[in-house]
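Labels A, B, C and D are assigned to the chains in the order they are written; within every chain, residues are numbered from 1.
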Amino acid sequence: MSQVLPATISPELFAQRADAIADAARELAAAGWTPATSSNFSMRLDDDHAAITISGRDKGRLGRDDIMLIDMHGKAVGTSARPSAETELHTQIYRRWPEMNVVLHTHSRTQSVASRLFARDGVVTLAGWELQKAIAGQTTHDSELAIPVFPNTQHMPELVAQVDAWLDSGRPLHAYLINGHGIYTWGRDMAETRRHLEALEFLLGCEMDLRSRSV
Amino acid sequence: MSQVLPATISPELFAQRADAIADAARELAAAGWTPATSSNFSMRLDDDHAAITISGRDKGRLGRDDIMLIDMHGKAVGTSARPSAETELHTQIYRRWPEMNVVLHTHSRTQSVASRLFARDGVVTLAGWELQKAIAGQTTHDSELAIPVFPNTQHMPELVAQVDAWLDSGRPLHAYLINGHGIYTWGRDMAETRRHLEALEFLLGCEMDLRSRSV
Amino acid sequence: MSQVLPATISPELFAQRADAIADAARELAAAGWTPATSSNFSMRLDDDHAAITISGRDKGRLGRDDIMLIDMHGKAVGTSARPSAETELHTQIYRRWPEMNVVLHTHSRTQSVASRLFARDGVVTLAGWELQKAIAGQTTHDSELAIPVFPNTQHMPELVAQVDAWLDSGRPLHAYLINGHGIYTWGRDMAETRRHLEALEFLLGCEMDLRSRSV
Amino acid sequence: MSQVLPATISPELFAQRADAIADAARELAAAGWTPATSSNFSMRLDDDHAAITISGRDKGRLGRDDIMLIDMHGKAVGTSARPSAETELHTQIYRRWPEMNVVLHTHSRTQSVASRLFARDGVVTLAGWELQKAIAGQTTHDSELAIPVFPNTQHMPELVAQVDAWLDSGRPLHAYLINGHGIYTWGRDMAETRRHLEALEFLLGCEMDLRSRSV
C-alpha cells in the first residue's frame, strides 16, 4: 500500500519517524512483549498528524512500509491501509498533551497478568522502588506511582472515556493497563517513552514477585 | 537419506515447504520450545501428501535434508527415513480439514506443565484475555476458548480416537494438549499457525500465573 | 600452559575433543547453566585418558587451551595445569562404564534449587513426562526415572563413595544431583549427553513447577 | 563533553579503563540487569582517581564518551559532566580498601525483589550453596555468607554511614543490597568483580526460589 503525504509533511520526516517506530517495534518484539501480532506504536508528526503501525503486522519483522499516516481523530490519511483498532487511544494522548510525541502499547506476559491480578482494585500502586525515578517527574522512591487498570472492551470510545474520566479527576497519569490486555505509556521522545515502558515492565514484575513470594 | 518425489510433486514445491519447516523449527528451538530433539512439524503439499520432520533430529540444527514426504495415512513415501512417531496426529488434521495446511507440535516447559496441571479437568478454558483474538475466528476477549487436555499414550490410534471424539461432538477445536507432553495447533498457512502457537504459549503461561499468584 | 601428549594420543584427536568440549561449554554458558566459572566437562580419549576443563576458567570464553589431559585416576598428564576439583567424579564414570565417553556437569538455577528442595527425600522421581524418553533406554512416559540427590562435600572421595554405593545397589543411574550444587550426567557421545542434560534441566523445572503451582 | 586528564594519568590508561567499563555495562545491560538507565560502574585509576559512568546514560549503548574522571571524594575532575548520584558509594569502597579496583552496581529484578523481601531482616544469609565459593575468600559451601540490606535513601551520606557502621563492627562485607534498589559489589579486577556479581545474582535467585517453592 502506498502512502501519499500532505504537502505540509516532508517525506524525510515521515521516513525518519517510520524508521524509529519500526526499530523500536523490532526491539520490543525481540523482548517478547508483542506476541502474535499484538501491540501498536505511534509518533507525532505535527499538530494534526501521527505515524502509526498498520493493523495486524508481525512486530518482529516491521519495516517502513508497515507504518501509515493518521489524523488526530484516528482516520487514515493518504492511504487505504487500516490503522490499529486502538488508534483512538493514541490520538487521545496527542490531543490532550501537546508535549507528548510518542505512544507505545505492548502486551507482555507480565503486563497482561498484572492487569488481571490488579483489576479488582482498578489500580496498581507502586511505592518504595528506586526505579520509580525513571518515570518523568518522579524524583524519589518515597512517592507513590499509581497505574490505573481499566476494564477491557472492543468498543474504543468506552476506553477513551475511561481515560478522560481519570484525567478529568485531576490525578496524574503516566501509563495505564487495560484488563487482560496490556499497557499504554507515552513521553516527549522515543528514548523517554522506551525508558518509561522498560521501567513499568520492571516495576510490575517486581511488585507481583514481592506480593506472591515470601522468605 | 535421499527423498524420491512422485511425479505430481515438483522438487521446487518440496524444497520450498522443507525450507519453511526447517526455518520455523530453528526459530522455535531457539525459543526453547523443542527440548532434547522433541517436537515435530509438517506442511501439506497436496491432497495426498505432506512434508514432515524426520524422527529424532535436533530441531535447532534442522535443514532441508531433515524433512521427508508422507502420505495422508502417515506412511513414508519415496524414502527409507522414519517419520515422527506422532505423524498420524498430523495427517488426521489434514484429512479432516482440507483448508488446513500446517501443523506444529511443540513441547515448551509452559505447555508441559499446563498439560499436567489442567489434566484433572481435561480442558483449559481461557477467558478474558485480549490475545484470544489471535486465534482465527475469535473476535473478542469475551468469548471462551477451550483447549482440551488428552491423556498421554505411546499408542497413536488412541490419541487419534480422542481427537476424533472431541470433534465428532461438534465442539470447536483450535489446538489440544497431551498430558505431560506438549501442544498441537494448526492453520491455513505458516504465519497463521505460528501466530496460533505463539498466542497459545502466551495464554497458557498467563493463565497459570493468574491462578498461582495473588496480590 | 602447554600440553604434552603421550605417544598413543594424536594431536588431532586431542584437538578434536578439546574443541568439542569448548564448543559445548560456550553453548551451555550462553544458556546460563555455568555461572561464575562453575561447571566442568570432559571427554574420553582412550581407555586410560580423558580431556577435561582446567579449573576456574570462564566457561563462556573457553578455547582449546582451557582443556587438559588427565589419566583415569584424575591426575594431570603432560601439563602443570590443575584439573577441576571434581575430576574424580568424571573418571569414576569412565572407569565403571567403558561405553560412556562424555561427562557434563552444570550448575543452573533450576538444578541448584531442585537439589536443595529434593535433598530431604534424597531423590527426584520423575514420572508421567513424555520427555523422559529423551534419556537413553527410556521408552515410555509410564516408567519412573530416579535422580538421586547426594549430600555436598568438598571431600571428593565421599562423593565418589556415594555414587558407588548407589550403583552397587543395582539401581539404574542416568544422572545425579549434588545438594546445593548441580547435576552430573553422561552418555556415549556429545549429542546424547547434551540431550540428556537438556532433558534433565527441562524435567527438573517442570517437576518443580508442577509441585509449586496450582490451578 | 570532553574529558581533560591530569598529567599523572595517561590517555591510554583512561581509555583502557573506560572501554572495560563500557564493555561490562553493555554485557550486563544485555542480561537485563540495568533497566531504564539505572546502574553505575567504576574502576580505580590510581590512589586519587577513578573512572565512572556519567549519570543517566542507557547502559546498553555505552561507549568511551559515557565515562568520566572523579576524585576519591566523588567530585568530577577535568569535565563538566555529572557523575552518578551514587558516586560516593563507589569512592567509599576505594578509600577503605586499597586492593579493590572495580565497583559494580546493578539493578536486576531478582536483586530488587530480594532487597524488599529480606529488608525486614536487614540481611540475606546464604548457606549451603556451592556457588558461595565464587566469592573471594570463601572456600566451602559450609560457611555463611551475609549480604546486608540497607534502607534506601536519596541522601547518599546516610548510605555511606550505614556501610561504614557495618564495616566498623568488624563483620566481613563482600556486597550489599539497598532496599527496593539493587546491589553493590567489588573486587580486585573486572573478572573477579563480574564473577562476584554473577554469583550473587544466582545465589539471591536460588535463595528466593528455595524459600517460596515447596515440593
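Methods note: contacts are C-beta pairs under 8 Å (C-beta built on N, C-alpha and C of every residue); 3 or more make two chains touch, one makes a residue touch a chain.
These numbers come from a predicted model, not from an experiment.
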item: Between subunit B and subunit D, the fewest steps along chains that touch one another; value: 2
item: Turn needed to bring subunit A onto subunit B - CA fit, degrees, nearest 5; value: 90
item: Equivalent interface positions on subunit C and subunit D, same or different at half; value: different
item: Approximate Å spacing (C-alpha centroids) for the pair subunit B, subunit C; value: 33
item: Where subunit A and subunit C are represented by their mean Cα positions, the distance between them in whole Å; value: 47
item: Multi-partner residues of subunit C (each touching 2 or more other chains); value: 212
item: Arrangement of touching chains [line / ring / star / complete / other]; value: ring
item: Touch relationships between chains, expressed as pairs; value: A-B, A-D, B-C, C-D
item: In the complex with subunit A, residue positions of subunit D that touch it; value: 35-38, 58, 107, 109, 112-113, 116-118, 152, 154, 178-182, 207-208, 211-212
item: List of subunit C residues in touch with subunit B within their complex; value: 128-131, 134, 139-142, 191, 195-196, 198-199, 201-202, 205-206, 209-210, 212-215
